[in-house]
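In what comes next, chain A is part of two complexes: it sits with chain B in the first one and with chain C in the second one.
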Partner chain A sequence: MSSENRSSVGRRRFLQAAGAGTAVALAGCSGGGGDDVVRLGATYILSGFASLYGEAAERGLEMAQSEINDNGGIDGRDVEVIVRDTEASADTAIQQMRSLVEEDNVDGLFGLDSSGVAQAVAPQAAELGIPYMITHAATPFVTSPEGEHENSVGNDYVFRDANNLAQDMYGAAQTAAELDATEWATIGPDYAFGYETWDYFQDFCAGLGVDAEFTAEQFPPLTTGDYTPYISSILDAEPDAVITPLWGADLTTFVGQAEDAGWFDQIDHTLFSVGMGTDLASDGSPLPEGEYASTRYDPFVPDTEANNSFRETYYEEHETLPTYNAEGAYRALYLYKEAIESAGGTDPDAIVDEFTGMEHSGPVGDYRFSEKNQATVPAIWGTVTYDDEWESNVLDPVNVYDANPDEMADALADSDLPTGV
Partner chain B sequence: MSATDTGGRVRKFGSAVADGWTRERFGLLGALGLVLLAFGPSFQIYLFTDFLVVALFALGFNLLYGYTGLLSFGHGLFYAGGAYGLAIVLRDLGPVFADVVGSGVAPLVTFVVGGLVGLALVVAVAVPVGWLSVRLEEIYFALITLAFGMIGYSLIIQDPAGLTNGTDGIIVLLGSVDVGGESFRIGARQTYYALTVVVVLAAIYGVWRVVNSPFGTVCKAIRESPDRAAALGIDVRHHRWMTFIISAAIVGIAGVLRAGLASVASPGLTHWSTSAVAVIATVIGGATYFSGPIVGAFIFLYIRWGISRFPTLDAYWELFFGALLIGVVLYFKAGAVGGLLLLRDRLFGEGRAGGDDGPTQGGGGAAEPGSSGDRADDRGDDS
Partner chain C sequence: MSLSSLVPLIGVSDVVVGLSLGSRLFLIAVGLSLIFGVLGVLNFAHGGLYMLGAYVTLAVVTGVIDNFWIAALAGALAVGVVGAAIEFAAIRPLYDRIDADLDQLIVTFGFVLIIHETVRFVWGSGSYSVDPPALFDFSVSLGGSTFGAYRLVVIGLAVAVLAGLWLFITRTYFGSLVRGTSSDREMASMLGVDVPRLYTAVFFLGSVLAGLGGALSAPLQSTSPALGDQVIIDAFIVVVIGGLGSMTGAFVGAMLIGMMQSLGPQFISAGSIAIPFLAMVIVLLFRPEGLFGGIGE
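== the complex of A and B ==
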């Protein structure tokens, strides 16, 4: 091959690349700025082991978007949602939110699945001066004002419309109180969420006077392929009951391997705190009937017009029951609609003012935002039951525990953990 | 070709700029940077800062690859080392410094100390890791560095002694400096950009001095033929070790800057996929040229950003990079810089392709006569 030949190919390639680059740059500059739409940014996990969560959220937000736009939009303006992938990484999530705010000029942000990511993102929301409605990530520390606890990162700009880990564990401890089990163990993912679940569960049990001992704990890393050693270790400790916050594809893997190891024969009760996330409605390896699971939203409770029509419409379109991810994202759009309409515009600080202490109602029921920006939604725990009509697991019977902020604070009086409510 | 008049003028300016690392070129770059700083939209400043950091990362990597002939797949370890050094100091020692020097300047002092601790940590890790790694060559060297990088990843995820906060990573908040009633945030977009420009330019200059020193000449001799270098009396292994440590330190500086920019030190920094960013940027830009990794980082980040502006394409961005890499490896063995030089030769006459070819002064091809294209082919075959 002669050098003449190569260089001519090279130049052509280069010019093509340069042309493409210029086109890209121009396209980049033309985005954003228009005043005829309300533009919101959503950040979810759309790839990797937990992409199901992001997909469910997308369904919810698309449903709300078309409903709102078909009914006059927000103050007459259409709502547009730009969805970005956090890749379950704080680094990526922060880059995406900066891009959404500074390049796409979004008027508000919502989303977030991972607690670790949420904790890194919360200070950035304040720095960028943009409201952030968290719809899934559950760590109480993002709705616990900075300084309350060494991990607290809550600030004026960060809100959460779904229940948090403290609310969920408040319900778990009350479920535990009703069970005939004294020795408890946990198997959870090896990061903040796994440890926090166990800490909150123990402290709520102590605070509510539940007769419980805590005998074993295992924290396998995320995306573990083989849970067998962790399962054996728990089985060897012979607890009466186990609470597990495993989630995403990890939960599916775990349930299959636990079943093979005779877990559900040997252990009387297993509580799945992220059990009704997404996996159950789909195929794969659903939770065994008769065990306990919590959800942040139940498609059948409350039995209201708002909830029933949300469930029916969602089921009609997707042939599966809505998960709490879908509902949280769906409701975030309506929260923005209400805030922007009563603020009379999309000024970020005005939206933040509207969110603060706002009373709202959606499929999940009536709730308000506490002074720490946490939605006062109930804890929902129930028994996993397969429902032939919906071809899905549901919670039946289901218990709704009203998570009163003061009562939660009382229960945690002897603990250094914040309620985040 | 056509328009020789315009071409002549461009050529005059171009030759002044291209004539080595002259004031003109530094001036041009500096001016460009300042223009961007003054008028750039906030996100563009962020993106450019990101580019500067990745460019330094790749440049440090290329000291070992392009100049010494060792392909490391574990330089993410040192990237993470710098980031975690800073993050841990900020998290655990911030209040201590506030007590000692007063809360006004404490964030700045903590940042500087954190950066130095990050750098020291990287060197402390690079000394034993390098000592072991340089015992091997070629694919074995790539594999052992890959292994060290992934050991670092596993270690960070294990959260030893509560230091690294596991998979969540450590939040990096740089804080505000209050001096004499004036207050500014270190992490503010423009401030951090200016800081990055200064540090990165200084580090690039440092690397340039290294590769043009007798030390750098020895590196190139080793790259061309370790046996011949040894026959000349060079302790090849020792020299590679020293280069490894310098290379790691440069990457460590990039890591410190990265943590402040990203506002988080995450374990992904030492994952092999991050190490691969340096490799890819270098290959795209051209390993034989001093500026190769910098140009490669620019192309990598801006194409990545361009793709991200199209949501439908964004999901498949790796596909585009795969295609780009195949194109580069098949048709541009000298990388983008080689391609640009070739293009310049084509436009402004073949006659200039000889010894007065500016950029090759700093590049690997400088030591020997012959066109840059040929040099790149040699490199492609033996690595």
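== the complex of A and C ==
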């Protein structure tokens, strides 16, 4: 990774990058666009309320990068990754992606942490004719072909290697079916992700015959400093259970204030949609034990050689369990390696052809890319439990819900929402 | 929208939360209002100073001494010094310019960016939380709802600040100088008032109040670089509703906005942050001078 490309990320990251400068990075700097390296661009949130997501992704991609380069690279060429900060803004993400393609001549792109950003970026990938492997942003509409729904922006160039919001809610509805709760509420961020989570949850509950009523909803803006008024409003409605897709520092803030307001005494079950991505809380406010959370990847599932060795190596280096964002970014590099080696080069359309329908295997398990370019990875929900051995919250017991595209489509038969799978 | 959100239940905690939000807004708005009332400077950097108060408190609690009250006092005073320095170095030279208002506005806006970037440089762009002082770190259950006891402390302190300021402005010699200078700067100057020094003192006081607001709010919200930008807009709404330059107006306006912020989500599930703006528009249309007006009321 070349440090000069990361000036926008600030002094601390600059020093980190400079300090971590490996022989590989130096080769990348001096290469200057020749054929001696495969150059990929990554776009994540590296500052602000969700900067932990970008940091985890960087750890994952750096791990894959050194593994690949230590083992002969991609067809003998080293892989170089240029990481840019989207600042969780669609405009910035588009600017960064254009600069990566037009100035740095990257061979492919991956990343994205926000549904709102992904929605804006997807059409740009097609316009620029460059493959984009989304590793986190979850809106089903980017893997739903244009025309399927008014919001659909899926196209041939956009793929996703992590599970999407529809897959996650398919698991959430099945989790809800097992709980002694009929009245449900939500508190989610005031943008696409918050509303889509609630819409999909309700429609999957209806489609799967879950006995549920939906009684209250709150959508506070992103980076709200004080959630208390919204928390009071939900508590006043006295639901049995709540599903919340709050994430990043917002989730940490919410959990602390919810505890103060007696939330976890009054609400029987709280489902933290993809809550495990935030369980790195630096200020000691992790998810409360006994509640439910989902993840796009679980460090213990499946119990395979690939997953165990990924987890162990990651833990040794960072003394924390890998989050799904680390795994998604890690796998993206291997997906590019496989596609470029099969295609015999870095022609963008050839890479896109290889990704289409590709079967692949990684820490997350075996999966393929569906007709809509969505990885057929499962939904993972479980009970938040503190694990002394790993000094971290884990999901135990954990349930894996295979997200079969046809079964998901059946469950949404009466809904106008696409599965994006 | 579901039926239950159409029939809101206003509980004790909703009122306590509303008043505590209002107290936080009062502390920032009263300083903003005081500075405008006396100096005629609309200080855009006031939100940044409030944020700085929260960060200094955080830094003292985590790095120097684990006592919230000492940290909050340090936060308020440190911000006062920063504010006085800004006034002395960057605003004072502009008082006699022809377009002083515009120049001051631009300078204070420059400090919004400087404070924001300094905070990001020192503390990063993540968010932090501060625990309430141990004595008040418990929940109160009243009328079927639960809230943190510390909120009552913040409300009490806001009322105490209002009373203290009122006594200070109406009953002390310094207060009479402030009132006199506020109504006629040139006359005060001719009567021997050291106006520049008085201005710096008032800017110091206003900044201390902003820093105190940030410090006292730190346990109630997450502290991140977004804090200053969020709160300054609310503070402007408060002073427009209450009347620029009025302490009573700042208090009443702050409590009104606090209650709107607390009760808004009971009525609509999204977009309740727009309610205070609506209130501001109504006040501007029907009572453009605000509900109250003039320093010292």
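In this text, the second predicted complex is superposed on the first by the 383 of 421 C-alpha atoms of A that agree within 3 Å, B and C clash if a C-alpha of one lies under 4 Å from a C-alpha of the other, contacts with A are read in each partner's own complex, and residues count from 1 in each chain.
Just so it is clear, contacts are C-beta pairs under 8 Å (C-beta built on N, C-alpha and C of every residue); 3 or more make two chains touch, one makes a residue touch a chain.
The model shown is predicted, which means the values in this text are computed figures rather than measured ones.
**Q** Taking the superposition as given, does A:I82 touch the first partner, chain B, the second, chain C, both, or neither?
**A** After superposing on A, A:I82 lies in contact with chain B but is clear of chain C.
**Q** Which partner does A:A350 reach: the first (chain B), the second (chain C), both, or neither?
**A** In the superposition, A:A350 contacts neither chain B nor chain C.
**Q** Between chain B (first) and chain C (second), which, if any, makes contact with A:S51: first, second, both or neither?
**A** The second partner, chain C, only.
**Q** Using the touch definition from the top, say if A:A306 reaches chain B (first), chain C (second), both or neither.
**A** Neither chain B nor chain C is touched by A:A306.
**Q** Name the contact category of A:E102: first (chain B only), second (chain C only), both, or neither.
**A** The answer is first: A:E102 touches chain B but not chain C.
**Q** Contacts for A:D190 in the overlay, against chain B (first) and chain C (second): which applies, first, second, both or neither?
**A** After superposition on chain A, A:D190 lies in contact with both partners, chain B and chain C.
**Q** Given the touch rule stated above, what does A:L235 touch, chain B (first), chain C (second), both, or neither?
**A** A:L235: touches chain C, not chain B.
**Q** A:Q119 in the overlay: touching chain B, chain C, both, or neither? Say first, second, both or neither.
**A** In the superposition, A:Q119 touches chain B alone.
**Q** Once chain A of both complexes is superposed, is A:A177 in touch with chain B (first), chain C (second), both, or neither?
**A** In the superposition, A:A177 contacts neither chain B nor chain C.
**Q** Just which bits of chain A does chain B share with chain C as contact spots?
**A** Correct list for chain A: 10-11, 47, 190, 221.
**Q** Within the complex, which stretch of chain B touches chain A?
**A** My answer: residues 41-43, 46, 157, 165-169, 171, 173, 187, 262-264, 266, 268, 302-303, 305-311, 314-315, 327, 331-332, 339-340, 342-343, 345-346, 371, 373-374.
**Q** Within their complex, state which residues of chain A touch chain C.
**A** So the residues of chain A in touch with chain C come to 10-12, 47-49, 51-52, 190, 214-221, 223, 225-226, 228-230, 232-233, 235-237, 249, 252-253, 256, 260-262, 265-266, 282-283, 285.
**Q** Once bound in the complex, which stretches of chain C touch chain A?
**A** 1-2, 4-5, 8-9, 11, 13-14, 17-18, 21, 120-121, 124-129, 139, 141, 145-148, 220-224, 226-227, 230, 261-266, 269-273
**Q** Give the list of chain A residues in touch with chain B in this complex.
**A** Against chain B, the touching part of chain A is residues 3, 6-11, 13-14, 21, 24-25, 27-28, 31, 46-47, 82-83, 85, 89-91, 94-95, 98-99, 102-103, 115-117, 119-120, 123-124, 127, 153, 190-192, 221-222.
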